[in-house]
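Okay, so subunit A shows up in both of these, paired with subunit B first and subunit C after.
After this line comes the complex of A and B, so read on.
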């Protein structure tokens, strides 16, 4: 489990980093925290000829909170999110979800941009991004563009990023005060990738009814997705036992998870329903 | 001075070295001119090896050579059985490198020697392999069909059937008022060591001497095998035991690499080192435990056990390895555990499959057997309306029945008896410390979304395998004393306990024992190693013998110097005293050395009880431990603190096998759990709230220390306890787990089935 030989570069500017990626015919890869890329290289599943280290690119750092929402620089680490007390109100769903990422050591190094680009189907950040209609800002040789989270994840470990593109920022829309949320996942050991996970929110209208429901799932398909059928059940309703029961049934019906070594498909389907139930309960509590 | 180091919770003397990063593991050794070995392993489970073309690999700068079976004059040697070396097993033994057929994913095919491991792995990518696929045999049910044979000349995939017999089971079953038959299974898991295996070999061409570092467990035996295979006298080989990061029965057996690396060093006349990486560790180290029982229990209406009858099928993997038969033999012999079972008739079938071969893992066969009997007992209690504790109490072997004969196993004619103990006393102590009566009302209760369950299981643990162990004492130039042991250190803390035993026996302060050397073939004339919880009993008793002889030898030597009779010499801490105020410093006798031995054919049986309180989230299928208590009677505890560490450590391994660890394959024999993200080991947060108590109520009558092997008791009952606790918690759904591990999916399926049945 030793990595194949590769070159290493640590550019000072984003433009330089993009140029390096662009000049290597897709054989170069950015490296951020290295927590996903290096194991892939040790297994020789990934064999880039050049690693472009992003660590000196100050413009990829920092959490910016404004009335527009929360902007997470690509190099923001899980630890930074956990340590930022403002997020408890600025984006409580994000704060709750990130608590479930990996273990202490990995949280000290893993980054938002790395997680988005790696696109593990069970990772939390992509789940939050899809659930919240986030935008992903990227920079490539032909300039910058933003990609909607819904269009970004194409499959397991596959995204809409071109080989020369670097994620600079993930933008989460603002979090209104009347928003209720829940995040639930279940893994066999704490910190493992979840067998299923649910991120959801809805806005309480003046009559105490739910509106604008967003329900996202991770770990039950090849990429995170929203469950429109569940959202439809919740919208316009009081979130009571009857609504929750309907949402659970809709959630189990809406997902088609695969069997794998950790759990059966049938279990995962039922688990997703259970997690929707618990997430809605905690949202309504 | 009368010492009492024995029985004292002294801190481990090895820990300072480890905590300061001063441990020396085999991977820390790097002599000059070293070559690194990397092993090409089969990625096909079953096939015929057509060709290996390494020409492209040899062109890579830094690649020294590529060795295959063809490079071995007379063909690659086989690895013989160490335990139960029956002629029936011969056709199923493993060649050190595949020659004609490959039989499991992970089987060595070629060895690259290179200037670095990374270069060696580059070479692996360009070695061209041609393997003709054969139909894989993924499990014992497929093996039984004999449609695809692993070993064509053998004509069958069944290597052997062990027959465990006691009394007349058929007659007893015929008249039994109550019989229950069950199919129960344990999963495939293994003694994963945090430090993977490693071997480094140095060949001294001038003197014709081979030095092999990385030895563990049974270095003397392995030297015998290697000497024969490689064509050297035993004296021409030195096996060195370095610090070892875990053994558990798996490390230190003779594996293919234990031949390949020494062979390579001699072949190319350079030092060669191989360190197993984690992916290799999961497919190259012995697997264990996967078995299925089709078993009947017969009882009187009052729950008295009459007999056990049926079949056990063990998935042996692709080859019969050194100690691979032990588990399959132990399951039927020890299925009765601490309970009185007058009639036993169990056939244990050993099936060859296209998986990594199996070997022993802490509590071999006893873990499986305990799961089987304990599941059956809870079902019996339910059927007959008897309290689970009371049922066990009724059936525990009493101290008046000791020594107690258990079933005999053929064809090895394995006879055995438990040595001593009051099993009910341990049960009572466990119930009391655990607070069973207070907790009993929680059984099956749903509180805050979680169902509460309790279970209690009793166990025995075997130890002290003979035939012999050796110990040697030597006076150092500064007058301190060195201890040399034939036993091996695999992390159990033997340096500390042997120092305690030596200091007591010699009546000197413990810091006068300067070193405890162990595990290398240089320590004593004839060593036997560390397995079957034997180090303290066998090594410790040998040490007592050595101490007596050592004291006599000191007196003799001192008498000569002092010009008196040996009987007139008195031993002090660092001096010896003769008559008339004459004395001699011990240092003046530096170099004086004496070896002692302990011979023993009997086994010790420590015993005890596990009790657990768990909760289950029935929707997630998630189990949490609220409290877990182990009481184990060990006869005599040399160091209660390190012993408790052994019990808790082995308990966590048992819980890993019960809840998490599972080596999985698909129908083609492809291995699915090749990383520690797939093979789930317990981590620090998984099993909190574990407690244990060590008792010394019944010393073993078969050794002078009164000690019993005690490194495996924590693991034995863990599977049965967890499954029974889950059944107890989920009784409202009629849940009866019949297999391990108890994954969330499995528990959830049982709950679903229970709900469906209730609805019908």
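After this line comes the complex of A and C, so read on.
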């Protein structure tokens, strides 16, 4: 057996799950699909002494769409998002981004809450959450709270979650009809972690100019972030060749990616510019 | 821990440590060695089985998480009488060489074709991108899956 030994519990209620986590001094972990946590345990990067399986908590399931936006229960799987035809209009950026998440088999088990809690720097869901100013609803022993996506990701595999807190829901603000978007990422093998990825949107004003631009990047830092310099270039402009060229230059300059075995920092900077170009072209098309 | 689930239509009951993966449970406790274990961390796809109709990586699922589930392994996709249409198609198109990845290819392709018998070559390639084959170069595998579509349009294969 590859993984370290641990105890396992499968509580019937959220309160019970929180109590189990709180009773283990930070050594317990919730498990949903396990598509990030189990590889971490196979490598012994994570060695929890207790796994709290969330699968019986029906209140964490379901995609709710209203005039306030899209609420994704923590146990919503990538597969559920892909199968929900409403999201093509209710949140097309989410729908496009989730097509890039992992592989077929992983999409059948991987969850929204698991991806957010794992906080891989190249993951799509955290990137969408940060780009869209999502809120993350969590429950811990001292009650519930919501955390803004911008405050949630603290570093690679590090979040603002306390050890006894469980993500219950990710809330994406409503998507207006005049919003344009693009999502682009590049990986050597489809479904693998992106060397860089770009999620962006802007709203078209009455004069056909871009406003409220949000440009987020994944895979080029220790957590997803928005690029204010690129947003400033796009806001107030018609998204034409000149604007795109400025945005590309601003994006390459704004990111400080790492060198690693997958790509050099210089390559990632250039790639991020290219992906911003492609995302803006698809948004304007 | 005691865990009960169904494998290839038969109820099973096993006593396992929580850290035992479903893949190891199938191979070591239930002696269903058709499920192959490659990378053991969710990259290669060799261990793919079907859980409640969905293709999943059995190295990224604990046996204890399978409580109450219906699991189909590659053994459940064959019969002693004859090759199934998917098996025949793999043979016809030389879709295997060493055979190590084949159980994962068969289970993944079966799940795909059961749900999407009209899938095109792009979709087959996208889905099989989660399964690594180091021998064939994939072309034969993609052709085999495409050629097997007709069998799934009439009635689901066994």
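For the reader, a short list of remarks on this structure follows.
Everything that follows uses one rule, which is that the second predicted complex is superposed on the first by the 284 of 285 C-alpha atoms of A that agree within 3 Å, B and C clash if a C-alpha of one lies under 4 Å from a C-alpha of the other, contacts with A are read in each partner's own complex, and residues count from 1 in each chain.
Everything below uses one rule, namely that contacts are C-beta pairs under 8 Å (C-beta built on N, C-alpha and C of every residue); 3 or more make two chains touch, one makes a residue touch a chain.
Worth saying up front: this structure is predicted, and the values here are computed from it rather than measured.
Comparing subunit B with subunit C, the partner in contact with more residues of subunit A is C. Of the two partner chains placed around the shared chain by superposition, neither subunit B nor subunit C is touched by A:281.
Within the superposed three-chain model, A:261 lies in touch with subunit B and out of touch with subunit C [touch as defined at top]. Of the two partner chains placed by superposition, A:141 touches none, neither subunit B nor subunit C. In the superposition on chain A, contact is made by A:104 with subunit C only, not with subunit B. In the overlay built on the shared chain, the residue A:195 is in contact with subunit B alone; subunit C does not reach it. Contacts of A:5 after superposition on the shared chain: both subunit B and subunit C are touched. Once the two complexes are overlaid on the shared chain, A:209 sits clear of subunit B and of subunit C alike. When the two complexes are laid over each other on chain A, subunit A has residues 1-5, 43, 189-191 in contact with both subunit B and subunit C. Residues 1-5, 43-44, 186, 188-193, 195, 261-264, 266-267, 270-271, 274 of subunit A are the ones that touch subunit B when the two sit in their complex.
Contact residues of subunit C toward subunit A in the complex are 1, 17-21, 24, 40-42, 45, 48, 54-57, 59-62, 64-65, 67, 108, 112, 126-127, 129-130. Within the complex, the subunit A residues that touch subunit C are 1-8, 10, 31, 34-35, 38-39, 41-43, 51, 53, 55, 79, 102-106, 108-109, 189-191. Within the complex, the subunit B residues that touch subunit A are 116-118, 121-122, 125, 277-279, 619-622, 660, 662, 664, 672-673, 675, 677-678, 680, 682-683, 685-686, 743-745, 748-749, 752.
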